[in-house]
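Below is one structure, written out as C-alpha cells; the observations come after it.
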Amino acid sequence: MQFFYSGITSGSIYALVAIGFNIIYNTTGIINFAQGEFVMLGGMFIYSMLYMMNIPFVLAFPVALFGAFVLGVIFERVFIRYVKVKSELNLITITIAGSIILRGLAMVIWGRDTLLVESFVPSKAINVYKGTITTDSLVVIGISLVISFLLTFFFKKTKYGKAFRACYEDKIAASVCGINVKAVVMFSFGIAAFLGAIAGVVVSPITYVTYSDGIMTGLKGFSAAVMGGLGSFWGGIFGGILLGVSESFFASVFPSGYKDAMAFLIILFILFFRPQGLFGRKKATRV
Amino acid sequence: MENMWQHEEETMSLDELRQFQLERLQSTLNRVSENVDFYKNKFKQCNIDITKIKSLDDIKYLPFTTKQDLRDNYPYGMFAVPLKDIVRIHSSSGTTGKPTVVGYTRRDLETWKNLVARIMVAGGVSANDIVHIAFSYGLFTGGFGLHYGAEHIGASVIPVSSGNTKRQIMIMQDYRSSVLVCTPSYALHIAETMQNEGISRNDIYLKYALLGSEPWGEKIRAEIESRLGVTATDNYGLSEIIGPGVSGECLYKNGLHINEDHFYAEIINPDTGEVLPEGEKGELVLTTLTKEAMPLIRYRTRDITRLFRDKCPCGRTFIKMEKPSGRTDDMLIINGVNVFPSQVEEVFKEFDQATPHYMIFIKKKGHLDLMEIQLEISENLFFDEMKKQRALLEKMNERMFNVLGIKPKIKFVEPKTIERFEGKAKRVIDERQF
Amino acid sequence: MLRLNNVSVNFGGVKALTDVTFDVPAHKITALIGPNGAGKTTLFNSITGFIPHFTGEIHFHNVKLNGKLPHEIFHIGISRTFQNLNLINELTLRENMFLGVIGKEKPPIFKSFFRLNKGYWKNVEQRIDDMLYLTGIKKWENSKPGSVPYGVLKNLEMARALISNPKILLLDEPAAGLNSKEKENLAELIGMLNTKGHTILMVEHDMSFVSTLSDYVVCLNFGKLIARGTFDEIRNSPDVIKAYLGDEDA
Amino acid sequence: MRKLNLSFIIFNLITLFFISRYIENEYYLSLIIYIIFNAINASCFNILLGYAGIISLGQAAFFGLGAYTSGILSATYGINPYATIIIGIIITAIVAFIIGYPSLKLHGHYLAMATLGFGMIVYICFNEMDFITAGPSGLTGIPNISFFGIEIGSEYKFFIFLSVFYMIFITLMEFFDKSFISYKLRFIHESENASSSYGINVAKVKLTTFVVIACVTSINGSLFAFYSNFISPVSFSFKYSIELVVMAVFGGLGSITGGSIGAAILTFIPEVFAEIEDYEMVIYGGILAITILFFDGGIAKQFKRLVEKYVKIK
Amino acid sequence: MKMLKVKSLFVNYGAVEALKNISLHIKEKEFVALIGSNGAGKTSLLNAIMGIVKPKDGEVIFNDKNITGFPPERKVKEKIALVLEGRRVFANMTVLENIEVGAFTSDNKNFIKRLKFIYDIFPVLKERSWQPAGMLSGGEQQMLAIARALISEPKLLLMDEPSMGLAPLVIKDVYEKLLILKETGLTIFLVEQNAAAALKYADRGYVLENGKIVLQGKSKELLEDNEIKRAYLGKEYKEKWER
C-alpha cells in the first residue's frame, strides 16, 4: 500500500503539470516543452523568498505563483506570438528554446547545486491503512485537490472560465462571441505557469530543487497528459495519479533507477497504441 | 412633400446614392466583361482591369462606348444575355447607317416602367389621369415606354400614336385626356391645328404635357403651356440607354432629374474626352447601372448639357441636367467656326417677335460657306412696315454675330411657310458638298 | 474504365456517400459536381485509397481497388491532384517536375545516387522538357514556385501529374483560385489532353469551366448521386437545379 | 538531375588541409575534432528534420548506442574496433527499426515526444545498466582504432582519420542533396498525402531514412568512443540531442551546409569564451529562439541571401 | 440611414483572389441575402466583414465608422454578430453555457431579460438548456448558434449558410425565426447557397459569382432572374442567338 501513497503524492504533481500542458494545448495546439521549467522555477522562487529574502511563507507562496504567472505571460509574448511561420516544427523548437533559456537562467541565478527547502508544515509521518504518509505529502495532495476544485469552479462557473472553454472548442466561434483569443492564449500560458509553480512549490520540501529538474517533471507531466488524453482536464488528473502510482509500483519491483524509464515506456506505448489517450475517443474526421 | 413614385429611392442621400451607384457599376462591369465580347475585348485592348475600378471616380479610366460601336455590333453583339431572356426589342430608325438594336429582359422592362412612372409622377401625372400618348408606337421607344409607365401608375392610357391631328384633338375632347405625351413640336402643331379648327384651350381637358425626344426651349414651353392650358415638363431619354425615363423635370421645371440610381451621368469635354466638373457644359455621358440585356458603359449621348445638384423644392435629391442645348453631332462648322443650331434658337428666344419656327440652310458660295436662316415671324410684324423689320433684322444679326461669331443671313418668311414636324424636327439643311 | 459500384462511406454514423454507382468512360472528360458537402472529395479519396473503409466496389480496368493504398493505386495508373498545390518552394519548377517521375519509375537508388545512369536521367529530362512545352510553362522552368503566377503553378501540377503517364487523371478543383484568363488557358490545356486520348475525372465548382470541357457530368448531393448525363441534361435536371438553387417551397 | 555543387566540399577540404598544416596545438585540434563529430550528428539530424520533416529528439541515443557498443565490445571483450562498428550499426539499425516503425506514424509534437522518450530511456539505461556500461562514472579503457596497422592515437592522427570520414560523409551528403532521394524526402515533408498519391511509399521511405541516419550516427558514435577512450552517459543525454537541434536550426535546415556551419559556430563559441560557460545554455536557447523568430531558414540561408543581394547589386 | 457599407473589398488567400472588388450595403432593419454557389466566396466575405480574415483592400463601414481592420471581438463590441458556417456551437458545453459565452462582452444586468427574449423565440432551447450542445439536432444547433449571437444584443446579425445540411422543413423553420427577429428591429445579412429559400424571405439580394458581385436587386426581381441560374450552373448558351 505504501507505493500507492507515494504514488498519489507524485501523481498529484504530475497532474498539476499535465493540466498546465492541457490548458496550453487546448488554446494553441502547442505542447509547451518549457512546462517543466515552470515547476522548477516555482521551487526556485519559493526558495529565494524563504531563504534569501526571508519572506514568510504565507506571503511568499502567492508571490511565487504570481511571479510564475507573469513569467508565463511574458513567455507567450516573447516566444510564441511572434513566430512568423506557425508550423508545428517551429512551435516545438521555440518552446524548446524557451525551456533551455529558462533552465540556463536558473542555473546562472541559483547555481548548479540542489537547494533544500524545509517543510512548510511540521514534518511528521502519519500511519494510515497499511502504510505511512508524511505531512508533506498531505500538503501536496491537499493543495492539488484544492487547485483541482478551484480550476473546476473557474472553468464551470465563471465567465472567464467559460471563455477559456469556448476557445478550447472553437477559436473562431469564440472570437465571434467577443472573446479576445489572443488574450486567452496569453493567459493560458500564465495559468499553466501558475499551476506549474504550485507544483514546484509544494513538492520542493520533498524533492528539493535543482535547475535541471524541469525536464523530467515536464516529460512526466506530458506523459500524464497523454495518458489521460491530451486536452482533457480530468484526464490529466487521472493520468497523473495513474502515472504516479504505477511509477512507484514499478520502483518497488525493479531497481529504482529505472523508475524514470518506466514513465517513458508508458509514453511510448501510449503514443504507439492509443495516441488519443486511455480515456479519449478517436475524433471523428470531418468530411 | 411632393408626390413621388418611388419616394425612398428618389430622395436618397448622396452618400447612399454613391454606394448604390458603386455597387451597381461594379456588378455591371463584372457582367459585361464576362458576357459581352465587345467589352471583354475592349477592356483587354485598353489594358483595363475592371477590379481596379474601386470608386466612382475611377470610371474615368474606362473607355467610351459610341453609337458606332453599337452599329458595329449590329444586331445583338452588345447584348449581355442570350436572346431567350430578351422579351422586347426596340430599334432606332437607322437613317444614317445600320440601325441600333436595343433589347430588354423582363427585369429591364420592370425597371423601365418604374423609371418612366417616376418622371411621369414628377410631371404631375397620377392614377386619376387619362394619358394621351401621341408618340408613335413601334420600334421607337417613346410610345411603349411612356405607355407602360403610365399604366404602371394606374392612369388610363389612350395609345393614340401619332398622326391625324384632327382626330387626336377630337379624342382629347371626347375622351377628356388630361395628360398629353408627345414631342414639343407636335404639341405646337396640335395647338396650331386647334387654332385653325377654332377649338380653344377651354374645350379640352389637358392639365399636363410631358414632352420630350427633341431639344426645345423655354419659349416653346411658354407657348405650349399658354395655348394648350397645360403644365409642360421636359423629359429626356435615348433608346440606346433605355428610352424615356432617363431624366425628367419635376413641376418646378428647372432642370431634369436624372434617375441616378440607374444611370451614372458624367459631363465630358467632347473633344478631349476628359471629365468636366459639375456645373460645366459638355457632352453627357451615361452608364447604365442596372440594365441586364444591354448594359452600356460610358455611352456618349452626344447631347450637350450641364449637370448641377441643387436642393430642389420637390424633394428629389437626384442630380439635374439642363435641357440639352444641342448635340455634338449637330454641330456645324461654318467657315471654320463651330455653330450649334441651338445657339441660333437661343438668340431667337430673346426676341418676342420671333416664332419658334425656323430653318437653317447652309450653302456654298464660291469657297465660302453661307448660312441662311429662315425665320417665321408673327403675322402682324410680317405685314408691318419695312423699317421696323429692318431694325429687327439688324438687331438679330448683331446678336447672332455676338453669339455665333459669324454673320448668318437671316430671312423673315411668312407665317406657316416653314414645314411642321410631327416627330423630331429637322431644322438644318446642309447643302454643301464635302 | 473506372467503375464505382454502390460505394458508401460512413464517418462515425454520418453517411458521407450512399450507394454511388457510375462509370467513368475512357478518353472522355467526366465532371463531378455538387454543392458543398455533397461528398465529392470523399469520393475522390475513396477512389485514390485515402479512405480505405468504404463499402461497395471500385474497379479500374477490372482491377479491384478496395483496400489498396494510395501509392499502390497510383501504380495501377490513377493519378490525382489536390486542391492545394503541394509544391516544394525551395526547388525550381523544373525540379518540382521530378516529383512526378520518382514515385512512378523507382529509379535505381545506387546508380542514381552516384550518377552512373546518366542516360536514364537524360531521358527523364527530355520528357520533362516535352511536358513543360506541352503545358506552356517552359519559360518559367527555372523560377521557384513563390515567384510565378498561380495559374502557372496549376499548370505545373497538371504537368507533374501527366508525366507519370496515368491512365486516368483525377483533378480536384483544377480551376479554383484562377482568374478568368488562367481558366481559359487551363481549359485549353485540359481540352488538348482529352483530344490526345487522356481520360479525366474532375471535381469542379466553376460551371462555365465544366460546361466547356466535360463530356459527362455526374452530380452528387448529400452523398447521393442525383443525376448524370451531358452538361445540358444536367443543367436542366430539376434535381440538380434544386440541389444548387434550393427549393422554393422551403 | 541537378549538378553537384562541389564548392562546400572543396571549402571543407581546404579548411581541413590548412588545419592539418598549421595547427599543432592539441587543444585546438581536439576542439576541431569535436566540431566534426557535432557536424556529422547535426547534419544527420538536419536530413531528418530539414529534408524529411521527421523531428527526432533522440539522436543522442543513436550516437550513444554506437559509442557504447564499440566501447563495451572493444574494452570489455577486446573485439576488433571495426567489427564493433559493424555490430554497432546492426544493433542501432534494429533499435531504430523497432522505434521508428511505430513512431514514424506520429507527427509533430507526438513524434518529438516519442523520440525524446526513447532518448531518455536509452540514457537511463546507460546510467543504470552499470554491469555493462559502468554506469554514470563512465566506461574507461576503450582502445584506439588503427588504420592499416597505424594506431590512431594522437590528436593529430585522429584528426586526419576523422577528416577522411567527414569528407566522405560530406561528399555523400552532396550526392544525396542533388539526388532524387532528397526530392522524395522533401516531397514527403511537403505533403504525405500528395507524395503517396504520386506513388511514393511514404512509410517505407521514412523508416528507411530514419534507420540509415541512425546507422550513420552510430558509426560516428563508435568513432567518438575510439577517440576519447572514455565514454559516460552525460555525452548522450537529452541535452546533447537538443544541442544538435540548435546547431541544425541555427545553421539552416534543409541544406547540406547547415549542420556543419551550425556545429562549427556553436561548438566553437562556448569553448573559446570559457568565461561565458555558465551562460552556455541561455545562449543556445537565445540563438535558437532568435533563429526561429527572425531568421527563418538559419544563417546558411541568410548568408546566401546576402551573397545573392551583393551579386545582384554588382 | 445605412448600417453597413462595404466598399471595394478584396480578399486574398495567398496568391488566390477570393473576393474581387466587392461593394454592398445593408440598411437598418433590412434583411439582405447574398447568394452564390459554392466556391463563390460567400464565407470569405463574411469573414472579412467580421475581421476573421484581413481584407487586402477596401473598407467596411458600420454606422459611419470605419471598422475595416478590427478583430472579431471588437466587431462584437460594435454590435455586429456572426453566425458561422456549420453553426460551430461549443459541443461540449451546455446550451445555456453556449449562450452565456455569447454574452461575454455584454452587461450582466440585461442577461436575464435577453435570455427570456431568446427563449421566447426559441422555446426549444429552454427545454434543452442543460444538454450539451453537441447532442442537439442540426436545426436546434442552428437555433442555438443564432441565440448565441443574439445574446450580445447585436444591431446587425450576419449569418453564414443557415440552411446548410438541414432538411427543407427545418430550413423553413429557421427562416421564419429570422423573420420574427427582423420584426423586432434586427438587421440581417446572410449568405446562402440556397437561393430559393434566401430570396423568398429576404428584402434584397446580391448575387456572387467567382468572387464578384454580378447582380443585385429586390429579392422578388432576383428570384425570377435567369442570370441567377447562370451564376450557379454556368451559361447555357454559346451564341446569343440561341433560344
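Order as written gives the chain letters A, B, C, D and E; numbering starts at 1 within each chain.
The rule we apply is simple: contacts are C-beta pairs under 8 Å (C-beta built on N, C-alpha and C of every residue); 3 or more make two chains touch, one makes a residue touch a chain.
On a predicted model such as this, the values are computed, not experimentally measured, just so you know.
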Those chains which touch chain C and also touch chain A: D, E
Most centrally placed chain, judged by C-alpha centres: E
Relative to chain C, chain with the most remote C-alpha centre: B
Highest C-beta pair count, chain pair: A-D
Per Cα centroids, the chain farthest from chain D: B
Centre-to-centre distance between chain E and chain D (centres being mean Cα positions), rounded to whole Å: 55
Between chain B and chain A, distance of the C-alpha-averaged centres to the nearest whole Å: 83
Rounded Å distance between chain C and chain D, as computed from the means of their C-alpha atoms: 41
Where chain D touches two or more other chains at once, by residue number: none
Per-residue overlap in chain A, given as positions that touch at least 2 other chains: none
Where chain C touches two or more other chains at once, by residue number: 37, 180
Chain A residues touching chain E - in the complex, by the definition given at the top: 159, 162-163, 165-166, 169-170, 172-181
Contacting residues of chain A [partner chain D, same complex]: 30-31, 78-79, 82-85, 88-90, 92-94, 96-105, 107-108, 215, 219, 222-223, 226, 255, 257-258, 260-261, 264-265, 267-268, 271-273, 275
Contact set on chain D toward chain A in their complex: 49, 53, 55, 99, 102-103, 105-110, 112-114, 116-118, 120-121, 124-125, 127-128, 238, 242, 245-246, 249, 278-286, 288-289, 292-293, 296
Chain B - residues contacting chain E, complex: 15-16, 19-20, 22-24, 26-27, 30-31, 34, 50-51, 53-55, 76-77, 79, 81-85, 105-107, 110, 290, 292
Chain C-facing residues of chain D, complex: 1-2, 4, 175-176, 179-181, 183-184, 186-187, 190-191, 193-202, 254
